Every structure is written in structure tokens, then in C-alpha cells.
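Take a look at the structures listed below.
Look for chain A in each of the two complexes below; its partner is chain B in the first and chain C in the second.
Moving on, here comes the complex of A and B:
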């Protein structure tokens, strides 16, 4: 049976009138790598600080191992934080930094020595024990910060954008390293990031947040393949979101009349809420659609002019301009010849189950009132 | 100009730039000390001036025509020159004179002349007759330094960590009184603490006089003319010199370090002891030097707030120089004061020096 280490129960945080975190509910299981993902200002760091105890929730509870710790100060909570800028103690050696937690808990010095060296072994920094933090590289400081937190064997490790300060190469290496360390120590990691690639690569589950609200919680593939909201669809990976209205349904597929004028047939998926007349958006992942030069008749499918073809190494990126001026992005295998050239009339095709329908219209994709009127008039 | 001669000269300059630069500085400052301390007289004086000018100008000319390499190597010496020469004329020469006078004798008590005679008895006199004043100087300065730490540290801490948007206003409030002259402020204190002044009156009304007498803060019903008044004056006058360096070192501390310590099971007290305090020690160190050194040589506070029983060595030196006209003994006292402060500071630096934190 799954055991929850951290449970957030209707957690909210307000700063005056500004609601930073709005009624967040989720539980993190023992040994889980859990990411909170969202753009800056979405409330993910505030949520993390409430778990650590640096912020007091305005309402709701933080439950740690079944005990409500909402009012417990940070130094009495059995969780540890890895800060964004590491904040190693500059006047202490690596050893003393890592030993800080155990010594605070009045551990016997011989035990401190043993557990610190063990943890430095895990992060592969044994030889650096006598050094000062200023003598280490960014990646090494990062690992000291990890060791300093992990040496206490907390119930959960909270990481606040821990890789943000590293350069790309090092960040990729540290992603793998973090995963390895997490498996080795078996502690739950709660990881805050604005980098969707990072979250997808490392996490067991992701909570996508926006404007203080959790939009969706799920495994990386759930979130990528079946986003719950338009925000998630747009934030994770890239997505072509085409607004339209459901005109008919046959139980398996939906026929959607798009804003651009044509109709498309899309698999209905698990969502049964769509009826004729529902305002929906069709999500097409760029890598799931193919360009073709054959233009379907009777206004079916999506058609536009190929404006750009960008070679990107393993893939090529095609940009189509649609009838109403919006752009559609299509990513294809760069090794295969593209049947169209820039300037050609092009349409895209996809396998039956590659389209995905979401409720609502994106507010930024040009679904202006006039367009909406046009769609409704067309019905 | 003969370029064939100049080319090897340039190379030589490049190779020996350090020797040339350092040599020029040493020769120039020796000349200045010789002039300032009166080593040479009569006909030799213009010669020394000539050498000095030649060396200074020579160095500049070498920098100008010596080519890029010589310029790069000699430029630091050129930049050091004004500072070194200033020190030679206004520090080394006077110190030399002081030491020389301290070993001189006066032909008679009322004479203003003195002759150099290896008169070590001046030092004996300094120690024998002015031991009490030396003791006062160091004890008062030390107590005042400790008090400035005790007052300044919490104040700096509050301003740095709790000041918020009022930080600069609070710092301004600390510094504003010091826009008034040092002397005026000290004299103001002598009014505040005067026997018929407001402070003594309030103490009488509240009935704290007895307690203050027991604590040796008051003496015979007086606040003024006590060691406490002198120490209080020193503490007041040197507080900003303690507060500002401590504030600067506290201000630099990332509050996330305290958060991290809290996160690692440390209470606020332990976080302060293990993180904030050690990281602010360089500020305390700088503050103690800036306070203790001038306080030990101070004579203004003892003069206006003290009595003949609280005279500090600064007062005695001033007295010997300006009233008794006893330059040899005054010089010996000044020399002893300088050497003892220097050695105390040296010991202090060795014991508590925080070189690796600075």
C-alpha cells in the first residue's frame, strides 16, 4: 500500500489581496520523485516554503507523516531543503557544512563523522571534505548542498530550482545524478522547477501549477499525452491548439468545426463531456502530424501555406500559415524528404488517435469575438 | 636622440624594472626623510633636493620613453610614488625626529633646546612617572571598546536585519550627531553630566545616586570627573567606528543562510551563534581596531569629562610637549605609546585575525 509522507490539505497562502497559493491538495508518497512545475509566480516555491515551514499557510494544513505540522517551526520539521543558490555556509569546510544538521541534533561526534563521510561518498565528494565552498565549482557546491540535506535522512527532501544556476551541460548531468542519488537513498524528493524538460525527465509525478492553482497532477506521460487543461497543453511541450465547436459525435470520434473554417475528425478520448455545440480546442502535437501536398476536398482537414522549413539536425520544423493567419507547427523526421517546399499549399494529416480534444478556447490563439461569431454563424 | 643606444637601454629597463622602480622609491623617500628629519644641513641640502628631483623625474621619464614593456612594469612604482613620498615626509621623518628627540637631553629645565645623547633615562622617566596614565589609557580604551561592541552590535544587527525600508534612515540617525565637531560634542557631554546638570538631578530624584556610587559610576555625588564619564565619552565618540563596520559585515550575510540553518534543525539562537556571529566577526575585528587605537591615544575626553585622577597618556604627552616644553620625555612617552599599541594590535591580529574570511 502506498504511504503518503506529505499531504497538503486545502492549502492556501495570501499576501494581502494577492492569492499566491489557492486551495492546493495533493499527497506525496514515500520514495517518490515529485515535481511542482509552473511558470514563475505560479505559487510553486511558496508551496514548497510552506512544506519547509518558512511560510505559514493562510488556511489549510501541511501534514507530515500523518501529523499536522502547519504551526511547527522549520527546525523541528523532519524535512530538509536544497536552496536555489545552495546557500552553503561560507565560513565552514565542506565537512562542517554537511555535519551541521547532525551536530544541531546533538549527534555523537563519531557518528557525525561516519554519516558525513558516507553521504560525501554518495555525492562523490570525499576528497573535498576539507575544502571551503568557495573553492568548489557550481556542480560540486550543488552536491554539497544535497549531502548537507540528505545526511539527516529527512522524510522528504525539498529542492527549490536546484539546477537553475548551473549551465546546460552540467544541468543535464546533475539531472541524472539527482535521480541516481534519490534511488540510492530512497527519500521522497519534492522538486520545484519552471523547466518542463527537467520535470519530464526526472519525476515520477508532476503537479502543474498556474496562478496558485494546481492544474493537473499526473505522470509525465499522462501530462504530456492527455493534458487536463489548455494551460497544461500549452505549457508542457509545444502544442497547436485550434479552437472550434463540436458539430457531431458518433460515440468514438468528434467532428469539430474549426475557427479556420474547415472541419476535422478527432478521437473523443476518455472525456464524455463533449456534446454538440461544446466549445473545444483541438490539440495537435507538432511531432504527431505530417505535412502532405494532397489537399483534401470538401473543407476537411487543415490547410495552409508552408512559410518556413527549418532544419534542426534530427528533426525539421515546418511552419504553416493557416487561413486566419495563425501558425501551425509541424516537426518531422529530418532524414525523410518533405513533400512540400516553402510557398506551397500544404495540409497536415494525422493518425486517428493523434488529435486530442480539450474543453474551452485558448485566449491567445486569436479566438476573438468576431471569430467566435463567425464560427457560430457557420453552424 | 641616439636610437641605437636607446634600444638596449629599453631591454635593460624591462628586465630590471622591479629593481629600478624599487630603487627609485627607496632613494627618493630616503632623500625626503633626510630633508624632513634634518639629517643634512648647509651645502648638502640642495644636493639632496637635486637627487630627489632627478630620481622622481627619472622614473617618470623612464615610464614615458621606456616602451610598452617597461611602462607596464614601471607604472605600479609610478603610481606608488605619491603615497610613499607622502608617508616618507609626513610619517617616517617625524617618527625619526620623535625617536631622536626621545633620546636627547635638555641642557637645563627651562631650555627649549636639546642635544642627542642616547638619553635612555627619558624612557625610564616615562615609565616611572606616567605608569598610571598609560594604565588609564589602555584600560579606558579597552573598556570603551568592549562597550561599543555591546552597544553597537545589537544596534547594527537590528538595522541590518530588521531595518527594512528604514535602514538608511536609521543609519543616518546614528551618523548625524557626528556632523558636529568632536570637541563640541564632548564639551556638550560635560554640560549634560555637570553637577548641576539635568542628569545628576534626575538621578537624585529617582534615588539612584547610592547605587551609582556603589558601582563606581559616580564619585562624591559627581558624574563628571569620574573614570565612568571618560569611558562613557570615549564609548559615545567611537560608537560609529564600531557600528558601521559591523553593520557592513552583517548586511552582507544572506538571510537564506539563517533559513538553511533553521532548516537543518538549528534554533534561531544556534543559527546566530554558528552562522551570523562568525560571519560578522571581521566587522567586529575592524571595529575594535578603529575604536581602540584612537581611543588609547585620546586626550579630549579625559580633559573635558575627567579629573586629574583620570588623566590618560594622551593628556600627559600633550602636557609635556606644550606646557612643560619637555620634548625629550614627551617624545619617549609617544614612542612607548606607539610601540605598545602596535604590539597589542599585532598580538590581537594574530589571536583573532580573520584573514581567510576577509
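Moving on, here comes the complex of A and C:
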């Protein structure tokens, strides 16, 4: 049976009238790499601070190893934090920084020496032990911060956007490094990030948060393939969201009349809440739809005009404008010839199980983003 | 064009030199006259060069006693005011609380109030009670009163921009608030506290007006010089004053050099990276 290290029980935090964290419930298992993902201001950092003990919950409990620690000060909690700006002690050497935790617990100096050097070995900074933090690069400082936290063998390591201050190349290297270290020490990592690519790459499970509420918790593929809400669909990767109304249902498929006029058949999935008349959105991931010059009789499709075709190496990106101005994005295998050229009347079509139905209508119909980098990051 | 800018630069240098000269002449005068061999009671006219005064700097017993009193008052009041002022500064820069703006006003008040007002009103305060007699204690209290403001403002200026999440990091690593303060906060803000302490000490040694009102029969160094000046001005005044001057310059130099060295080592390492 899997053992939970951290359990958040109806956790809320209010600042006056502002609800920063709203009734958050989840448990993090031993050895798990858990990410809290969301845009800034979604409450993920506040949640992390409540786990660390820097913020007191307005209501609810933080349970650590089965013990309610909501009122326990941070220095008596067996979790450690890696801060966004590292916050190394500038007046101490790398060695003394890492030794700070063990020395605070009055560990014998010979043991301190051994465990500090062991941990510097793990983060590959043994030669840097006598240096001051100001003499290290950003990535090295990051690894000192990691070693300083991990040397205490906490029950869980809390990481607050630890890679945000690094440049792209270093960030990618550190993602792999973090995974390696986590496997090596076997400690639960709770990782806060606004970068969905980072969360998808590294996590065992992700909690997607928005406006203080947990929208969905699941593995990266669950969240990408079966988003629970419109927010998750749009925030993770890129999605084409088309509003419509359910006109009939036969238990397996839903027939949805889209706002743009066409009627499509979409697999119902696990969600049983849709009845005739429900306001729904059909989500089409850009890589799950194909451009075609005419819709095949047995498939589903939408008609529009191809406005943009960009060759990107392994993939090609197409932007399609529908009759009412809605833009769709479509990503195809670049090795297959595209049957259409910009300006042509073009349809997109998809296999029966490639569409996905979500409750509610999006703020803006069509592609959630046409930004190439974000799409690449999501894939 | 080039010629003109050259002339302008020369003019600026001369002007700056004159400014420095104006500032330093009185000080040079004090040091120079410590080597004078005065005729009569007043050491104000240059006669001839001698080392005698420096060989017997403590021969004026009342003057030496007064300096000793001043040093003791300075030491006690500086220690107390540096602790109190630093705590105020830490509280003000770390926490936002109701009334912190009001405290700001209170801090600036002793600096802007004329000393004569502070001195006389303090004297009135001390007169109105029967617990302490005028003397060492009242002077110390008076000095602490204005020193606290200077210390609090100096320390606060020095720790502006201090990263208080360092304290969170320390507590996160299991350090109690006590250990966090002594191992992290205090070592990092110590230079600011030392600078403030030196300033406070100098203010105490130097103060005349407020001390004058609250001294009773106790005589500090400035009071002694003032009182004696009507009868005689022995060259030992210049010797002791020069000693104080050299001591403060030495402290300043040590501080500047060690600070510069620390900065240079940091910069150097950054360049090699």
C-alpha cells in the first residue's frame, strides 16, 4: 500500500476578502514527484508555504506523516524548501551552507562533515566546498540550495519555481538533474511551477491550480488527454475549443451542434453528465486533426480556409480560419505532403475518438494559443 | 575646445582643493599646536616646536580625568543605544505594522529639535523627580536619547534591501529563531551596526549643549575645555584632541580597507567565472 507523506485536508488561506487558496485537498505519496502547476496568483506558492510552515492556513489542516502540523513552526517540520532565488547564506562557504541544517540539529561535527561531502557528491560540487555563494554560477547556486535542503533527508522537499531564474539551456539540464537526484535520494518532491512543459516532463502527478482551486489532479498524460475543465484543456498544451450544444446522445457518442454551424459526433468518454441541451465544448488537440481538401463521408470535420502554413522541421503548423473568424490550429507530420496551400478551402478531419467533450463554453472559441514555443514545449 | 575644457578641469581642481583646505585647516591647526611650546597660559600663538606635550599628554590631571569620564559615558551610552537602536531598525525594516510611520517621526524628532531645547527640557524632566541626581547617570540617559535615533536611522539605511527570506531559509533548515538571528541575521547586518555604534560614540564624546544642562557637577571632556578656556588653554588639549582624531581616522581606514578588500575579492571571483 502506498504511504502518504503529505496530506492537505480542506486547506484554505484568505488575506482579508481575497481567497488565495480555496479548499485544497490532496495527498502526496512517499517518493513521488508531485507538481503544482498554474498561472501566477493561482495559490500554488501559498499552498507550498503552508506546507513549509511560513504561512498559517485560515482553515483546514496540513498533515505530515499522519501528524497534524498546522500549528508547528517551520523549524520543527521535517520538510525543506528550495527557494526560487536560492537564498544561500552569503557570508558562509558552500560547505557551511550545506552544513547549516545538520548543525542546527546539533549533529556531531564528524557526521556533519561526512553527510555534507556525500551530498555535495550527489550534486557534483565537491570541489566547490570552500567557495562563497557569490563565486558560483546560477546553476551551481541552485545545486547548493538543493544539497543544503537534501542533506537533512526531509520527508519531502518543497521546490518553489527552482528553475525559473535559470536560462533555457541550463533549465533543461537541471530538469534532468533534478529527476536524477530525486531518484537517487528517493525523497518526495513537491514542485511549484507555472511552466507546463516542466511539469509534464518531470512529474509523476500534477495538480493544476487556478484562482486558489485545484482544477485537476492526475498523471501528465491524464491531464493532457482528459482535462477535467476548460481551464486545464487550455493551460496544458494547446487546444482548439469549439463551443456547442448536445443535440442527441446514444450512450457511446454525443452529437454536438457547434456554434460555427456544423454538427459533429464525439466520443462521450467517461463523463456521464451530458444530456441533450448541455452547453459543451469540443476539444481538438492540434496534433489529433488532419487537413484535407474534402471531408470523408465516414469522418468528422470542419470547413474553413487555410491562412498559414509553417514548416517547422519535424512538424508543420497550419492555421485555419473558419467562416465566423474562429482560428483553429493543426499540427501535422512534416514528412507527409499537405494536400492544401494557404488560401485554399480546407477542412480538418479527425478519427472518432480524437475529439473530447468538456462542460461549458470557453471565453474565446478556437485555438487557445497559436504560439509555437508553447506548443513545442507541450509536445 | 579641448584647451577650454582643460582650463575648466584645472579650475575645478583648484576649487576642490580650496574646499578641502578650508575643511582641513582647523584640524591641521589643532595637530600643529600640539607641538607648540606656549608662553604663558594660552596655547594660541605659535612659539617654538617641541615634543614635550606629547611626552606628557596626561599631565593636566583635571583634563585627563574629564576625558576618562567622557570615554566611560561614551562607552555605556553607545552600548545601550546601539542595542536599542538596532532593534528598532530591524523591527522597522522587517515588519509593516500599524504605527510604523509614526515611529519614523519619533526617530527624526531628536535630530531636528534644537539641542538647546532637548537639553533644557531634559533638565526640567530630571529636576521634577527625586530618584536620580544630576551627574553620570543623567548624562548617559541624555546621550542615549539622541544616539538611539542616529543608530536606528543608520542601521535601517544599511539594512535596506536585506533579504529577509534568508531568515525563512534558516528556519526551514531547522534553526530556531534564536539561532537564526545569531548565525544569519546578525553576522550579515553587523557592519551596519558597527558603523552606527562608532557614530553614536563620536556623538557622545562630542556633545556639549545637552550635556551641559544635565551634567550637575560631573565634568566631561568638552565641558572641561570650555570651563578651562577662560583661564588657560594648555597644549595637552591639542594632544588629547589629536589622539582622538588619529584614533577615529585609524578606525575609519581599517573599515574602508577591509570593506574594499572584501568587495575586490568578490568582484575578482566574479570576473574569473
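Please note the rule applied: the second predicted complex is superposed on the first by the 359 of 379 C-alpha atoms of A that agree within 3 Å, B and C clash if a C-alpha of one lies under 4 Å from a C-alpha of the other, contacts with A are read in each partner's own complex, and residues count from 1 in each chain.
What we mean here is this: a contact is a pair of C-beta atoms (placed from the backbone, for glycine too) under 8 Å apart; a residue touches a chain by one contact, two chains touch by 3 or more.
Because the structure is predicted, anything quoted here is derived from the model rather than measured.
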Could you tell me whether chain B and chain C fit or clash when both sit on chain A in the superposition? clash
Report for A:85: first if it touches chain B alone, second if chain C alone, otherwise both or neither. both
After lining up the shared chain so the two structures overlap, which partner does A:311 touch, if you call chain B first and chain C second: first, second, both or neither? neither
Pick one for A:135: touches chain B only (first), chain C only (second), both, or neither. second
By the touch definition at the top of the document, which applies to A:75: first (chain B), second (chain C), both, or neither? both
Which partner does A:335 reach: the first (chain B), the second (chain C), both, or neither? neither
Overlapping segment of chain B (options 25-33, 43-51, 61-69 or 331-339) - the one that collides with chain C in the superposed model: 331-339
Indicate the residue numbers of chain A shared between its chain B interface and its chain C interface, in ascending order. 52, 54, 73-76, 80-81, 83, 85, 87, 89-91, 100-101, 104-105, 132, 148-149, 152
In their complex, what parts of chain A are in touch with chain B? 52-54, 73-76, 80-81, 83, 85, 87, 89-91, 100-101, 104-105, 132, 148-149, 152
Write out the stretch or stretches of chain B touching chain A in their complex. 254, 256-257, 259-267, 270, 274-275, 278-279, 356-357
With touch defined as at the start, can you tell me which chain A residues reach chain C in the complex? 52, 54, 73-76, 80-81, 83, 85, 87-91, 100-101, 104-105, 131-132, 134-135, 137, 148-149, 152
Enumerate the contact residues on chain C facing chain A in the complex. 163, 165-166, 168-177, 179-180, 183-184, 187-188, 266, 269-270, 273
